[in-house]
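In what comes next, chain A is part of two complexes: it sits with chain B in the first one and with chain C in the second one.
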Partner chain A sequence: MHIMEGYLPWQWCLVWFIIALPIVFFGIKKITQVIRENPEQKMIIALSGAFIFLLSSLKLPSVTGSSSHPTGTGLSAVLYGVSCTAFLATIVLVFQALLLAHGGITTLGANIFSMGIAGPAAAFFIWHALRRAKVGVPVSMFFAALVADLVTYIVTALQLTLAFGNATGYGTAFIDFMTIFAVTQIPLAFIEGIIFSMFAKYLADTRPQIFGLEPKCEEAASA
Partner chain B sequence: MSEQVQMDVLAYGSRMIHWAPLGKLLFTFSLLILALVSDNIFVPIITFCIGLGLMAYSTNFRLPSIIGLAILEAILIMTIGCGMVSILGDPSEPAVLLSGTSELLWIDIHITANSFNHAWLIMFRAVAGVTLMLSFASSTPIPHIAYALSQLKIPKEVIEIVVLVYRYAFLLLERAEVMWNAAKCRLGFNGARRSMSTTAGILVNVFITSLEIAERSQPALESRNYVGSFPIYRMPNKVGLYWAMVTAMVCTALYIFGYFAPSPNMAAIILGAV
Partner chain C sequence: MKITDKAFYFLGFAIIAAMVVGILAYGAANGFEFSGADDQGGDAIAEIDPSYEPWWDGIWGSYELPGETESTLFALQAAIGAIIIGYIVGYFHAVDKARKGKLLKKQ
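And then the complex of A and B:
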């Protein structure tokens, strides 16, 4: 759901940069602190960024000056938190803009806000709410990935509406952008939810410590 | 040869490799911002020509195939995105292409001269952005970008993560591609349910492989005297005052030109609308 270079007016580019930058700076501060205290963590953090790059490179064109793709930020938000995800998403978005013409530099603030902040924040809250309610890892991950994807797309539609809705009316434009996005994004969000649910199940079975789970009896016995 | 290596080969073989990375960054960003600020279509057209010229000088247009495909895909997205802007015209203005407001599914189509011109302006801004960004990326290897970031006093931990994300992103892409092809050979994408299961399996394997790489990479790099940065054996030029002067001159000239020159009326040129 990257908005392409040159698509937003400069005023909105500035607004989204101002909103996104403090959270990215907080993420930088947090990651710098983690790396200084535990240098061995830097490879894992870098690979998480690379994993987001891999997932968000699988894009489908959407009829809105943007594209539809899995975000992968739901998983990152669950594992590392929102501000770290915002920072990793920033790096990924810069590389995608420079190397793959996917997204843009002037629209970076808007893309960071939708894909790196709003979606991961929603995923983070859903995941923690469901886990506190003793819901299993695969179901919690399904809803976290689904909500991260849907919130990212709603925020992108909102950003496009704010930029282009003054001629037709904001309500009409929002409905137009939402419905056009929905054609690709709602099925994609469910597919991403199902895939990440399976992903979480495999991961909980093979590396339970990642989710803070106890290893299964036979693994514990063999350990 | 992997796409990352191809991109690195392209950047290391560029005629612009010794240009100051920070200078190139300043020039590129300034032109992107200028194309965005100006409402005259000629300004993004000129910035597009500058970007194209720099790309030609830098690489002779020898781009890796995956980058070429990504650009074509981006142009498709731009075209349909600009189409969307052109159909969202102000209903109080007269339509120029269809006789009044029409409907396509649930969307009201109302193409006005202003919305049509605005769509073209955005199209040229987007295309100009792609050529400028690629001219920078195809002439600046990642260690040079890291060097430019260090000149901006960005913490070294952040620069290190940027470099490592770049290196591992392409590594994971290659791993995923190998697993994808292997799964395809075993009919792993036969049917929607199996496809999803296979995709989930591939993602888990890529993720677990990435964790294993992370666990192995740290001692492997440390044993090669890695201290948080990859060395540059032939340093690029340092950014000088001339970069700021050239950037300021080009941007000022373009801004003045865009301010005083009349913007072409694309609706009149293409649609014959008055």
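And then the complex of A and C:
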């Protein structure tokens, strides 16, 4: 989903920066507040961030003949919400833009919006809808991570369509960008969903309080 | 039928492995090169709007990292993530073990 350096007209770079930056700053504030109030949360925040680091570095092949990477934002979106995820995603995107020449500084705002805001917002919504419907943690997490991944790439396709659609018509441009980004992403989003589902099950079994579940009797006895 | 914990994790890894192998085999049969979707996005822009010129090359300019160095840096990024996850999972495990030990002593 990385829009490469220089590949977005500067007006659009500006627009996405203006939208993304306040959310990132709010995220910094929120994370500092969470850590100050509950220092034990530091570990879980680090864990959520580590998943973004790990998964967004894995380039996986897809059925369309190109390769792309998962986003890893599902866990953080579900546990800490959109703004915190936007901040964690920013760290990863800056790392990739500076060290890997992957993505870019000028397109950072647009990339933060797709990976750190739009995808996580969709995940957050799906997670809460499913949990309210009493769906289990692993299944809810599967769909949250899958949707976070897929929506990120759909939004990238949308961003490029908005910027370049007037040349050939918005419909054609959108189909082209969707084929490159979103269709490639479908199997990868599925894989990401499974990875997160397994980890969510592990967390729900060993640290149920993370998901707001009742601790098991053994832990309750020791508490 | 209730799925046991072990079966759940085994099934998860098995599906992922099967998908990756399946995609690679399908790609090999069709001669896919699996180039990055991000680069293809750039190519598509050139096709959709040929008049558009990327207006900045970024801090690295036109210099492209050698493939090996790029892989190293990607591996470094993955390692940072994996080390943190491994450390925390190990920490959780140790805390649980210590707590269980204390409980047994009490009984």
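Going forward, the second predicted complex is superposed on the first by the 190 of 223 C-alpha atoms of A that agree within 3 Å, B and C clash if a C-alpha of one lies under 4 Å from a C-alpha of the other, contacts with A are read in each partner's own complex, and residues count from 1 in each chain.
One rule holds in what follows: a contact is a pair of C-beta atoms (placed from the backbone, for glycine too) under 8 Å apart; a residue touches a chain by one contact, two chains touch by 3 or more.
Keep in mind that what you see is a predicted model, and the values were worked out from it rather than measured.
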{"item": "First, second, both or neither for A:Phe181, with chain B first and chain C second", "value": "second"}
{"item": "Partner chain in contact with A:Leu93 - chain B first, chain C second, else both or neither", "value": "neither"}
{"item": "Contacts of A:Val147 with chain B and chain C, given as first, second, both or neither", "value": "neither"}
{"item": "Partner chain in contact with A:Leu54 - chain B first, chain C second, else both or neither", "value": "both"}
{"item": "Chain B versus chain C as contact partner of A:Phe190, first or second or both or neither", "value": "second"}
{"item": "Touching both chain C and chain B, counted on chain A across the two superposed complexes", "value": "4-7, 9-10, 43, 46-47, 49-51, 53-55, 57, 59, 61-63, 65-67, 92, 95, 97-102, 104-106, 164, 167-168, 172-173, 176, 180, 191, 194-195, 197-198, 202, 206-207"}
{"item": "Of chain A, residues touching chain C in the complex", "value": "1-7, 9-10, 43, 46-47, 49-63, 65-68, 72, 92, 95-106, 138, 156, 160, 164, 167-168, 172-173, 176-177, 180-181, 184-185, 187, 190-191, 194-195, 197-198, 201-202, 205-207, 218-219, 221-222"}
{"item": "Residues on chain A engaged by chain B in the complex (per definition of touch)", "value": "4-7, 9-10, 13, 28, 31-32, 35-36, 39-40, 42-47, 49-51, 53-55, 57, 59, 61-67, 88, 91-92, 95, 97-102, 104-106, 164, 167-168, 172-173, 175-176, 179-180, 191, 194-199, 202-203, 206-207"}
{"item": "Contacting residues of chain B [partner chain A, same complex]", "value": "7, 28-29, 32-33, 35-37, 44, 67, 70-71, 73-74, 76-78, 80-85, 88-91, 106-108, 110, 115, 122, 124-126, 128-130, 133-134, 136-137, 155, 157-158, 160-162, 164-169, 171-173, 176, 196-197, 199-201, 203-204, 206-208, 210-211, 213-215, 217-218"}
{"item": "For the chain C and chain A complex, residues of the former touching the latter", "value": "5, 8-9, 12-13, 15-16, 19-20, 23-24, 26-27, 30, 32-42, 44-45, 47-49, 51-52, 54-60, 64-65, 70, 73-75, 77-78, 80-82, 84-85, 88-89, 91-93, 96, 99-100, 102-103"}
